[in-house]
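Note that chain A is present in both complexes that follow, paired respectively with chain B and with chain C.
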Partner chain A sequence: MAEFWASLPPALQDVLFALALIAPGLLAGALVLRGLRPLPLVGAMLRRFVWVNTLFVALIAVSVGLGVGLLAQERGLRQGSARAAEKFDLIVAAPGSEVTVMLASVYLQPSDMALVTGAQYAEIAGAEGVAFAAPIAFGDSYQGAPVVGTTVDFVSHLAGPLAEGRVFATAEEAVAGAYAPVDVGGSFTPAHGHGPGAEGGAHEGFAYAVTGRMAPTGSPWDRALLVPVEGVWAVHGLANGHAPDDSRIGPPFVPEMMPGTPAVLVHATELWGNYALKSRFTRNDLMAFFPGTVLAQLHGLMRDVRSAMSLMAVLTQVLVTLSVLIGLMIMVRLIARSLALLRAIGAPLRFVFAVVWAYSAALILSGAALGLALGWVAARGISAVVTARTDVLVTANLGWPEAHLVAGFISLTLFMALLPAWLAVRRPLLTDLRT
Partner chain B sequence: MTAPALHVENLRVTSREGRVLLDVPLLTLDAGQSLALRGASGAGKSTLLHVLSGLVRPSAGRVIWGAQDIAALTEDARARFRRETLGLIFQDCHLFEELSALGNAGLASAFAPKADRAPIRSAAAQWLAALGLGQAGSRAVDSFSGGERQRIAVARALAGSPPVILADEPTAALDRANADALGADLVRLAAEGGRTLITVTHDAGLAARMGRQITIADGKIVEDSDG
Partner chain C sequence: MRACLLSLLLIAAAPAFAETHDHDDHVAEAEGLRVLHAWTPATAKGADALVYMEVENTSAAEALLTGGEADGQELELVGFSYGAAGEAWTVLPGLPIPAGADVDLEPKVLALRWSSVPMDLAPGAELEIEVEVGGQHLPAHVEIGEAGATAHSHAGHNH
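Let's turn to the complex of A and B:
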């Protein structure tokens, strides 16, 4: 059975799991409502206490929305951070913390790092199976946007064809990220460093002219200003990686003239080649790693947090379910007189049972549907805030985990709604009729 | 359906504390008769009506409608008996405020067998028309006056074509003119259909229209007279 289940396509597994979750509730409903027509009366009861019912639906919706939003947001964050690292196949840097290098080079979180020397870079760039090796040099900024030195190959690899203009061709030109604060045709003078401590006048007299703009990548690079690595070296008064009379930009660099770079992005000609290159450059004086793997390890470390979030979402639903149950019992008291009238004029107990259950089901289903929508809106809203603050494009959409959560919630509460329905038909008829 | 005769014997209803609320050794009523139950508040007349309708199960005794002792029936069977045999009218109407007049009058169609639903709704419309509310069937009941609401309740009681009508102070909440008009309609409609009509009432005018009057005091029948 387990083998058969594992052999099914994931999408089919999700559909079947969702159906299995919701089936008990629907089955209970089918049995309760079989051959009966309680909806006109349910509609009347919903209208009778419209504000109480609305409040009840809203409470369910908020609770379901919290659970749904929490799950969708967590997944969105994970996927967004993974997507931002997608283009970074293999990074080679001086030995140190992989996480630090990854944060600096993929997510552009500035950090002091040892440099890869010119000789090391030449070895990396010249290794068999390397399509290109792009230095990534950071340390400057402009109006909060990181200014990163690199190569034309990297720009093309990162964002594909430019959305506007052309790629840089001299050490004084730049390409703006999709949302960087300089327009094509504009120019800027970088500040040394990042954030409030950045030295605005450190590179006075030097300006980059922006010649193009990248298409959005959904990563922090969208706010960056990409310049030739030679430009970064030059503004810091260093050799520019080439012979003195050589004004071209890009590799090959003269090892002795290359000041070094904090990280090198390596793109192999073949996918499998990355593994050989990682193995080759994992040694005493260099480290090579896949950012995707480091990210997966980080996500793995955060599994407890994810589990806690999932548990919180489920616990929230359990609490809501109990609240719904108690709420329904209270609501039944509100409609007790109407139910007593039905019983008095001869309605079968099964019909009265069906009215109460259908009334409960209407509240639960409305709340759950509204909760799904609310969760989606909340997740999108929070994603927008996270995206704005981190520049990592987080898109939280509703997926199967949320569908399973809501299906389970609906099924459980529909099943539990049998209890208030049962209690309703056991209420003292005459007492309720006189209420 | 032909109206069943009523035969009550050795009927006792006691409270949880053991106090006797109703003690009726014998009460009979021919099919198609009308009967007013009179007495002071708390005398036991409403309790008797509730026992006769199966809303209250007696502590002892038999309540036989036709050949059926409803005191021996289960709750669902008593509900079925009420559905098929009785039309109940309450003092304060008991209407679904969010339903129309027709929706209330035809309320039984909601739980009736499929084949009976259309006839019940049709009958409800006819009874509303007969009670002067033919043009107002689609109006929500909260827009009706007290007298009109009670007429809707009467139409609801009659919509299932029951052979027996039991009414608990149907005119108590109405002004004199409305009470007289409703009383007259109730008696007329019951008589026209050959229905048995039993009503609890403090209204001497309504009681006078009935074929027989019983007075109850302290749970016992103390007077039984023709109207």
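Let's turn to the complex of A and C:
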């Protein structure tokens, strides 16, 4: 059975799982309503208590919407952060924390780091199977946007063809990220450091002219300003990686003239080459890692949190529905005389049972449907806020996990709705008629 | 009498032999190529098992790691990737291990994949495989860990 299930396409597995979740509730409904037509009466009850019903539906919708929105948002954030790291095949840095280096080089959260030396860089760049090795030198900023020193190869690798203009050709030129605060044709003087403590006048007299703009990447690099790494070294009064009479930019660098770089992005000529290079540069004086692996491990650690979130979402929904059903039980007492009249004029007990159950089911299904819509709106709204705050493009859409959550919720609560229906038919007929 | 003494000696020595055997189980070696600490998480029948290990090349020539064999079935060398679409393992044609170097096949990086295992791989049980490296077929003893294991039980030991 497990083998058969594993052989099915994932989409079919999702459909079948959703059907399996919702089937018990639908089956219960089919059994309760079989051969009866209680819907006209249910419609009348919905119209008669329109405000109470609206409140019940809203309560269910908010609880379902919260659960759905949270799940969709968590997945969107996970996918967005993974998408942002996709272009970073292999990072080589000085030994330290892989997480810190990943946050600094992929998500541009600067940190104090030891440098890869010129000799080490030359060894990496010259290794067999390396298509290019791009220094990633960060630390400066402009109006809050990180200024990162790198090479032309990195710009092309990260964002493909430029959306506008051309790539930098001298140490005083720059390429702007898609949403960086300088337009093509403009210029800027970098501040030393970043954040409120950045020293605005530290690099006075030096300016980069922006010659091009990258296409959006969905990563924090969209807000960055990319400059030749030689510019970063020169602006800090260091050697620029080349002989004094050599004004060109880009590799190869002269190891003795290269001040070092916090991280190096390595792109291999072949896929397998990345794994060989990782093994080669994992040693005492260097650290090589795949950002994708670190991210997958971090996301794996969050799996338990995700499960807890799903459970809490279901529990919240069930608790809200329970309180709605308790409200319905009280309401059944209020309409007890009407139900007793129904029985007195010959309606079978099963019909009264079906009316009360169908009334509850209508509230549950309306609340769940509205909750899905609310969850979608909430996920989109939160995504926009998270994208603005982190510069990681987060797009949260509803998927199968949310469908499974709602299907499970509907099934469970349709079963719970049998309780008020059962209590309604157990009421003493004569007492209710005299009330 | 002599037979009794010999039996007693054998019984007394058994734990020592067992200890040596346990440690040797973690290492397979031939012509300068060593496979250490092979392990896999517990896997249900029909699912794909990922086998991890350390491969050392102490020979004077580069050796190519290409895959392996288990229970008559092929073990593919696969590399991990992670992106917006989620986790993926891609089959690699081979991985060169330079002379004097070593390669770690580790979770979410590199592994030998045994597709659709024909039996349950239960925690605590053991598995015999062959690792194809440098033209050699190295027999390796695979420890089966818990389903969520992230390392061999002797990880960090220098055998």
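The criterion applied here is as follows: the second predicted complex is superposed on the first by the 421 of 435 C-alpha atoms of A that agree within 3 Å, B and C clash if a C-alpha of one lies under 4 Å from a C-alpha of the other, contacts with A are read in each partner's own complex, and residues count from 1 in each chain.
The rule we apply is simple: a contact is a pair of C-beta atoms (placed from the backbone, for glycine too) under 8 Å apart; a residue touches a chain by one contact, two chains touch by 3 or more.
None of the values given here were measured: they were computed from a predicted structure.
Asks: Quick check for you: in the superposed arrangement, does A:A243 touch first (chain B), second (chain C), both or neither?
Replies: Neither partner.
Asks: Could you tell me if A:A384 is touching chain B, chain C, both of them or neither one (first, second, both, neither)?
Replies: Neither: A:A384 stays clear of chain B and chain C.
Asks: Examine A:A114 and indicate which partner it touches, taking first as chain B and second as chain C; both and neither are also allowed.
Replies: After superposing on A, A:A114 lies clear of both chain B and chain C.
Asks: Once the structures are superposed on A, label A:A308 by its partner contacts, choosing first (chain B), second (chain C), both or neither.
Replies: Neither partner.
Asks: Go through the superposed model and pick first if A:A23 touches only chain B, second if only chain C, both, or neither.
Replies: neither
Asks: Touch check for A:G80: first (chain B), second (chain C), both, or neither?
Replies: So A:G80 only meets chain C here.
Asks: Touching A:S338 in the superposition: chain B (first), chain C (second), both, neither?
Replies: In the superposed model, A:S338 contacts chain B only, not chain C.
Asks: Can you pull the chain A residues that chain B and chain C both touch?
Replies: none
Asks: Which residues of chain B touch chain A in their complex?
Replies: That would be residues 50, 53, 55-56, 75-76, 79-84, 86, 88, 90, 94, 96-99, 103, 107-108, 110-111, 114, 117, 156, 160 of chain B.
Asks: Looking at the complex, which residues from chain A come into contact with chain B?
Replies: Per the stated touch rule, the residues are 35-38, 40-41, 43-45, 47-48, 337-338, 341-349, 351, 429-430, 433.
Asks: Within their complex, state which residues of chain A touch chain C.
Replies: 2-3, 6, 79-80, 82-83, 85-86, 271-272, 274-276, 278-280, 282, 290, 292-293, 295-297
Asks: Quick one: which bits of chain C touch chain A in the complex? Just the residue numbers, please.
Replies: Within the complex, chain C touches chain A at residues 44-47, 79-84, 86-87, 90, 92-98, 101-104, 108-110, 116.
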